[in-house]
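Reviewing the structure listed below.
Chain lettering (A, B and C) follows the sequence in which the chains are written, and residue indices restart at 1 in each chain.
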Amino acid sequence: MATLKEIAEITGGRVRGDDKIEITGINTARKAGESEIALLAKPGKKAPSTNAAALLVPDGIPFDFPNLILVADPMPAFAALLTFFHPARPFYSGIHPDARLGENVTLGKDVCIGPFSFIGRNSVIGDNSEIHANVTVYPEVVIGRHCLIHSGAVIREKTIIGERVIIQPGAVIGADGFGFTRDGQGRPIKIPQVGRVVIGDHCEVGANTCVDRSTLEETVLAAGVKLDNLVQIGHNVIIGPGTAVSAQSGIAGSTKIGSQVVMGGQVGIADHLEIADKVMIAAHCGVSGSVKEAGALIAGSPHQNMAKWRRSQVLIRNLDNFRERLRILENKFKEKSK
Amino acid sequence: MATLKEIAEITGGRVRGDDKIEITGINTARKAGESEIALLAKPGKKAPSTNAAALLVPDGIPFDFPNLILVADPMPAFAALLTFFHPARPFYSGIHPDARLGENVTLGKDVCIGPFSFIGRNSVIGDNSEIHANVTVYPEVVIGRHCLIHSGAVIREKTIIGERVIIQPGAVIGADGFGFTRDGQGRPIKIPQVGRVVIGDHCEVGANTCVDRSTLEETVLAAGVKLDNLVQIGHNVIIGPGTAVSAQSGIAGSTKIGSQVVMGGQVGIADHLEIADKVMIAAHCGVSGSVKEAGALIAGSPHQNMAKWRRSQVLIRNLDNFRERLRILENKFKEKSK
Amino acid sequence: MATLKEIAEITGGRVRGDDKIEITGINTARKAGESEIALLAKPGKKAPSTNAAALLVPDGIPFDFPNLILVADPMPAFAALLTFFHPARPFYSGIHPDARLGENVTLGKDVCIGPFSFIGRNSVIGDNSEIHANVTVYPEVVIGRHCLIHSGAVIREKTIIGERVIIQPGAVIGADGFGFTRDGQGRPIKIPQVGRVVIGDHCEVGANTCVDRSTLEETVLAAGVKLDNLVQIGHNVIIGPGTAVSAQSGIAGSTKIGSQVVMGGQVGIADHLEIADKVMIAAHCGVSGSVKEAGALIAGSPHQNMAKWRRSQVLIRNLDNFRERLRILENKFKEKSK
């Protein structure tokens, strides 16, 4: 619970209305109760129909409402209020009697480890990090401070994880990269994968996402990389800071992705490419070559510049018309030639 | 083991032949032994070459065979016989001594929980539900009666699951939705995901499939929704009753899918769309806009009406021919103009 | 550590240079230290800039370097050296006190089972096989000798696994195939999946990959099949020996894949098809029909012969030009007709 005045402080915004009213929660405008605040990230021309006590809105909204929190950018303010009204509760406090540690594990202060989680020999877990149930950490892993490792995650040997990293359930960090050669009869021979994965501070790895260890050297997620669910990061891939990869996308081996790249869902990027900073890749795009231009928008499979791809789609949808015009011309020509 | 007469009762069909013969199992026509019954869902003109003692066939088959079970629709009959001949055996009976319950967990009658499974505080498991090994149920989850939760599944906090729901191994229910905003320097800021997942009766969630919790409000699978393996359901998605989603398909945030929609494999549906009831979506389709027409057939990426898409494909494959005709016309024109 | 002479023996190659120098590890040319050997699989015209003590190169390289190991094919030699310098260390030696076995489990010699792993009743684990932590093996599974089952993997009932098979973390073997029919009201009815999965010798299954059990009969990976991460293998699929499937690809039910087929990432193959031996399928390809020609190269969605697909892409990218030429012809014709 907080007064509107306190909410202004939490969000870095200002109150218009009664700053003494008490707010008990945050909700959507549609569902908000009479003591809740609701987010209106993109307000329309009219005030919404809502029971909310107050609205969180961007400066300069075109309507009036009894109680408002006005902020320059409502999304970070929304994030702050969600955290305030829904503080994280630890899954388990302390080391559960059914957690198991291998030899020579180093635990920082206030580490929590849930039941049936195992930490392999020589691994290090930083202060205040929390490991839920049924997690497997292999030997010689380093996990930084304030990390959150959800249940069912598997962290393979020698992985290095920074601070304030979140690993969602079922994610697999450091599985063997897909490296094979073939013998004289064409039968596959495994290339052992002896490198590691390095994950920077503030990264998040989605549920059932896989980040493969490298053959030699490292697969790297730089600081602030966000991977959605069911994403595949191949061996030796390097992803720059702040890049976000949506669900079911895959990046093949040794490709280098710049910083703050944004990838839609189900994108595929071929191996050994380079993608420049701030490139935006539309969902379902198949990237078959490097993208050198920072901030480029690309789409299609194989990928094209977004404007060209759009034009291409229009032309394809006009093929029937082309065909008809061609037929007409041919007929006219025949008549003329008679 | 059952007589053919008993099999007629199980399947709601009728016997043609000797209703006293004993059937020991069900198999394919190709593999059936001399005391087994085989399914022929789509019989050809001739009786198949088989050792089977009897065949399960639709009414009105065009050939004769010594012993037949005739039914209007053979597939539900087939399902009934598979269940009869392969009754489910519990993975583990009762609560395994190596299962662990948090505080204030409520278990119904005849609940089974396997080794190394953990049920978080305040969760409720309904009568006759079965939880296999290495399952993690977070706090404040409600699981209805007669559910089956396979090994390695993770059910995050506050998830609500109805009755007779099956969760296949490794599925993750209620992981955080992929919600981020960016600060002034473009660095991602996490939007906490504090909503929940609600799964209706008779749903099935495939292996390693992910159903994300919503930001606020709910992500919903209505009754009878069937998700195949490695499917991604984004936050705030709502899926109508009886919809089936094939493997590796993904539905982005806040999209609303109607009832009895059928999706092929590797389909992608963009965010904030609406898909009408009984729409059929071909495999590999990229749905970039809402589909308002109930029962529409769509394909392609970006999607089109199936008939248009097919025509489009034919036209694309004729482009060489168009090009040649264009060249001929241009040449003729040049000659004429001389 | 090994002398260059010993390395020649390990790799089946020959030394050019000082065969007495001692090599302490293997690395990339870029990162190699002064006592390491580096692979140069595809050497350029000049020697690389490297601190490496020696290079592993194919016969007939066009430059000189102080110490070389020359081999006919450097990749198998590279694999051998990675294994030599990075010998696998067991995750856990022996049966961990927190592993649990069901009734009547048979363990071979020197089996290792990690903490929180469960082996179901009547299962058999072959000599020298290693099962890591948090693995669930259901009842009546057979696992051969020298297998490696990583943490979080789930092996469902009745699965048969050959020798020297590697299952990466989180993989699910034998989950129910996606089989449903619908009742009179269109509601899905589950078809029980009572078949099994059979995996041949030397196979590898990637992290979070799913191989579904068949309805009846078997889903089969023949010897030496290599599946990357997040792959979906539908029920009743049969994959021939030595076939490699890259990440996020899916093969729908009852499709039969030949031997030594190579599939790029995110490929989809429809159900009930046949793919001939040694077919090569480009990434992101949607295979909608059988491919009968052994060794065919295919691409696109729906798939085409690679050469046709390439041509098709060029033509599509020329549509603007076609359109313009058509417009010019129409205008000329109009003028003529005046």
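By our rule, a contact is a pair of C-beta atoms (placed from the backbone, for glycine too) under 8 Å apart; a residue touches a chain by one contact, two chains touch by 3 or more.
Only a predicted model underlies this, so the values are computations on that prediction, with no experimental measurement involved.
> Touch graph of the chains shown: is it line, ring, star, complete or other?
Shape of the chain contacts: complete, all pairs touching.
> Rounded to a multiple of 5, how large is the rotation, in degrees, that superposes the C-alpha trace of chain A on chain B?
It works out to 120 degrees.
> Count the residue numbers both chain B and chain C use at their shared interface, divide by all numbers used there, and answer same if that is over half, different if under half.
Since fewer than half of the residue numbers are used by both chains, the interface counts as different.
> Could you give the separation in Å between the centres of chain B and chain C, each centre being the mean of its C-alpha atoms?
26
> For chain B, write out the residues touching at least two other chains, lowest number first.
In chain B, 98, 116, 134, 152, 170, 208, 230, 248, 266, 301, 316, 319, 322, 326, 329, 333, 336 touch at least two other chains.
> Touching chain C in the complex: which residues of chain A?
That would be residues 98, 100, 116, 118, 120, 134-136, 138-139, 152, 154, 156, 170, 172, 175-176, 178, 180-183, 186-192, 194, 208, 210, 212, 215-217, 230, 232, 234, 248, 250, 252, 266, 268, 270, 286, 288, 301-302, 304, 311-312, 315-316, 318-319, 322, 325-326, 329, 332-333, 336 of chain A.
> Quick check on the complex: what are the chain B residues that touch chain C?
Spelled out, the residues of chain B in touch with chain C are 26-28, 31, 73, 75-76, 78-79, 82-83, 85-86, 89, 91, 98, 114-116, 132-134, 150-152, 166, 168-170, 202, 204, 206-208, 224, 226, 228-230, 241-242, 244, 246-248, 260, 265-266, 278, 283-284, 301, 313, 316-317, 319-320, 322-323, 326, 329-330, 333, 336-337.
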